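In this document, chain identifiers A, B and C correspond to the written order of the chains, with residue numbering beginning at 1 in each.
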Amino acid sequence: MAKELIRFENITKSFEGTTVLKSLNLSIHENEFVTLLGPSGCGKTTTLRILGGFEAPDSGRVIFDGEDITSLPPNKRQLNTVFQKYALFTHMSVADNIAFGLKIRGTDKDVIREKIAYSLKLVGLEGYENRSPSSLSGGQQQRIAIARAIVNEPKVLLLDEPLGALDLKLRQGMQYELIRLKEELGITFVYVTHDQEEALTMSDTVVVMNQGIIQQIGTPEDIYNEPQNAFVADFIGESNLLDGIMVHDCLVSIGGLEMPCVDTGFGENNPVDVVIRPEDVELDAGGKGQTHGTVTSIVFKGVHWEIRVESEIGITFLVQTTEHFPVGSNVGISVDPYNIQIMNKPSREDEQVFDQNESAHGENYES
Amino acid sequence: MNRSKSRLLSIPYIIWVIGFTIIPIIFILSKAITDSDGALTLANLLAIFDPIHRKALIMSLSLAFISTVLCILLAFPVAIILRGSHIRKKSIILFILILPMWMNFILRILAMQMLISNNGIINNLLTGLGLAPMKLINTPGAIVLGMVYDYLPYMLLPVLNSVLSIPEDVIEAAKDLGSDKLHVLTRIIIPLSLGGVGSGITMVFVPSMTEFVIANILGGGKIQLLGNIIEQEFTVSMNWNLGSGLSVALMIFVLITSFLFGRNREEASTGIL
Amino acid sequence: MMAKVLQKTYLILIMLFLYAPIAILIVLSFNASRSRVVWGGFTLEWYTSLVNNSTIMNALWTTFGLALLSAFISSVIGLFGAIGIYSMKKRDYKIMLFWTNIPMINADIVTGIALLLWFVRFLPLGFSSVLLAHVTFNLPYVILCILPKLRDMDIYQYEAALDLGAGEAYAFMRILMPQILPGVLSGFLMAVTMSMDDFVITYFTKGAGVNTLSTLIYGEIRKGIKPEMYALSTVLFFIVLVLLILVNLPYDRLHLNLSSKKSDRETT
């Protein structure tokens, strides 16, 4: 694992009485692509703004490269931000925008010119020096904002929902470009988004946040396949989130139906949350399966069909499959034991806090 | 930006407001409630109800009211017509409509006097056509004409701004839901432009209410408005206490209209430049 | 079709109403006869004698000087004032806005009299008292032109500047000032216009001896207006016309473009 570059220590922040961050702990490593993911109001942007120096935490410290930068103003920090709405200087040309930081540092004129050309090439906008930002499309403005930030060779690039204003096709294209840029520059990216697809596509590490609390930290695969609580499971992708009772290790009862699974350590006869991804529910027309059900709706989604099945055990399953089952048909339902994910039920809010503190230092993070 | 430091920047302005807005108001109030010896009295304020003053007040109120209504009636169709025309033309016509404001208003009123005086241009035309000349000047109607003429741009501007800024899709939505032209006008355009009409009303009613120059030129001194009486108290009769008392009474009427129509002159006038 | 004709006729009638008196003034400025109703032939005499009429020229320079000086003073005080007001807490902000509105809501005659009553206590009436009065009624226009610019300021651009290494003062001057400046400029032009246009407040605060064009004209009504005044107002009218075409039209087109662009962009 690379060297630790940034560490948030017990950061708490509230605005006018509303707590936005509750004792947040997080470390970010060199050359890592970290995404803070969560619904609006979860505290992800505040975390980024505290790192950028635009907000001061109520308590806690921000450590950057071994130094405490909690009270350092933004212009003294070795990191640059790509703002949500780009915040390009509308009264300056593209070149003047990019040169802004370099000029403040007193960089030589010829060097500035070279660097502008280089950074524009990097974002694929060669020759745009003399254009005005307002004459550019959203995607191009976005690239200029990135060029303006990276030309200063920051150690960390902060990106606040930078793709939020772009349309779907452009957004997907930019995701690949950001990955390429990160690899070319070899610096750390801290990325904020509410779009789980973006997070899963680009990140080395995803930090899922809700209500000012980190819910889970892990690789995209971890987050998707092994959600640690119902919130993460629900927020990342679609899922069947079911109430179950852990009969004993490796056996869970859902609506009275006992299903084998692979999870251990949840005790005996304890209520748990069970997650089954829609693509992991297997249907068959022959009526074998662990239980049976009737198809109530089927919708074509392009790569697969999305089917709702009303099962005998009183649970409606959401199923994604490439096979077609007509409405009203009787189907068998089965789930592979490996695809059943068991999670503790959060009984109180502080238990959730405990959960994330545990995971912040836990094994998940080290993967 | 450091907000507490930035606040200090307004100190010169605050001093100016105290020195030249608040203190003068205190002065006019104190003059209004004292007599020439400095003793407290309500006589100057209550003088507004003297028969002569009451007559002038009623005349001022009615002429201002008629002028304002006429301005609304004249301005609204212009806005509706412009809304239906093409964008380029709009800005030019808007420009043409407000340009007269930059010609000295006293001169323009004098020109109006030449038009309507007894042997003026209109009456010359009438007699030339073999018609009987009309008695136009020195009537309340002449004053209303002058006020409408002088203040119409102040009504046009906010009304145009608000009518032109109604988004097209709102109107299309109304049509889609079954509105005909009249229904769109009464249920969509007029309600949405009331804000502009409101600021237009303050911008026309307040100055018409307190007018004395137009009344002097087009009323020939025959018709006394409250503005004329106050002016004379200061320039001829030199009874400053009475003048202040009548001014304060007038100010009360002005403030009532301003708060009734809720808008200041800001938005309308900033549209000029 | 009929409706279109009616619409055009209506607009033309309104224009005629607004411009007929102006046309009369322009025609009179070329009228060789001093009479206001008789056409005595074409002349440029009044335009040439205008420059030698010291009363009119004095009033003209007083009007200009007053307008520029009062607009400048109110722009400076107003710019700082607006920034200060913008930074205030909501309650103070509202109080300041209330007092800012007063000279604008109040009738000119009341403002003029109130200032007169106050000025006679400590100041001989003259150019300086009129200047103070003009700054007073200009200030609200300046402040109300600048405040919306402050509100619309893109604070993220300011943060971006800090992020790129700019100090607070540098970021303010380089990033925020260019955004506020159009407001200051239109406030200044607004103030010049209001000052040149004012009659009532000047009339009450000027005392004897000083005259602006408006008060000079008002004073001459009884004696009869000098034809040079028509010539001067014609010249001024065309200067303003040209200036406004230069200032207003490109701005207007820009403005319309911007607003139509805004409604097109749905993604942001």
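Throughout what follows, a residue touches a chain if its C-beta (ideal position, glycine included) is under 8 Å from a C-beta of that chain, and two chains touch if they have at least 3 such contacts.
Fair warning: this is a prediction, and the values are worked out from it, not measured in the lab.
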- Could you name the chain whose Cα mean is nearest to the mean of all protein Cα atoms here? C
- Could you work out which chain's C-alpha centre is the most distant one from the centre of chain C? A
- Note on the structure: So, in whole Å, the Cα centroid of chain A is separated from that of chain C by 55
- Task: Could you give the separation in Å between the centres of chain B and chain C, each centre being the mean of its C-alpha atoms?
- Result: 17
- Item | Mean-CA-position distance for chain B and chain A (Å) | 60
- Query: Where on chain C is chain B touching in the complex?
  - Reply: 7, 10-11, 14-15, 17-22, 24-25, 28, 36-37, 77-78, 80-88, 96, 99-111, 113-118, 121, 132-133, 135-136, 139-141, 143-145, 148, 158, 168, 172, 176, 186, 189-190, 193, 197, 199-200, 204, 213-214, 217-218, 221, 225, 229-230, 233, 236-237, 240-241, 244-245, 247-249, 252-253, 256, 263
- Task: Mind listing the chain A positions that touch chain C in their complex?
- Result: 52-54, 73-75, 77, 80-81, 83-85, 87-91, 100-101, 104-105, 138, 148-149, 152, 165-167
- Query: If you look only at chain C, which of its residues touch chain A in the complex?
  - Reply: 154, 156-157, 159-167, 170-171, 175, 178-179, 265, 267-268
- What residues of chain B sit close enough to touch chain C in their complex? 1-4, 6-14, 16-17, 20-25, 27-28, 31, 74, 77-78, 81, 84, 87, 91-97, 99-112, 114-115, 119-121, 124, 149, 152-153, 167, 202, 206-207, 209-210, 212-213, 216-217, 227, 230-231, 234, 240, 243-244, 247-248, 250-251, 254-255, 258, 264-266, 269-270, 272-273
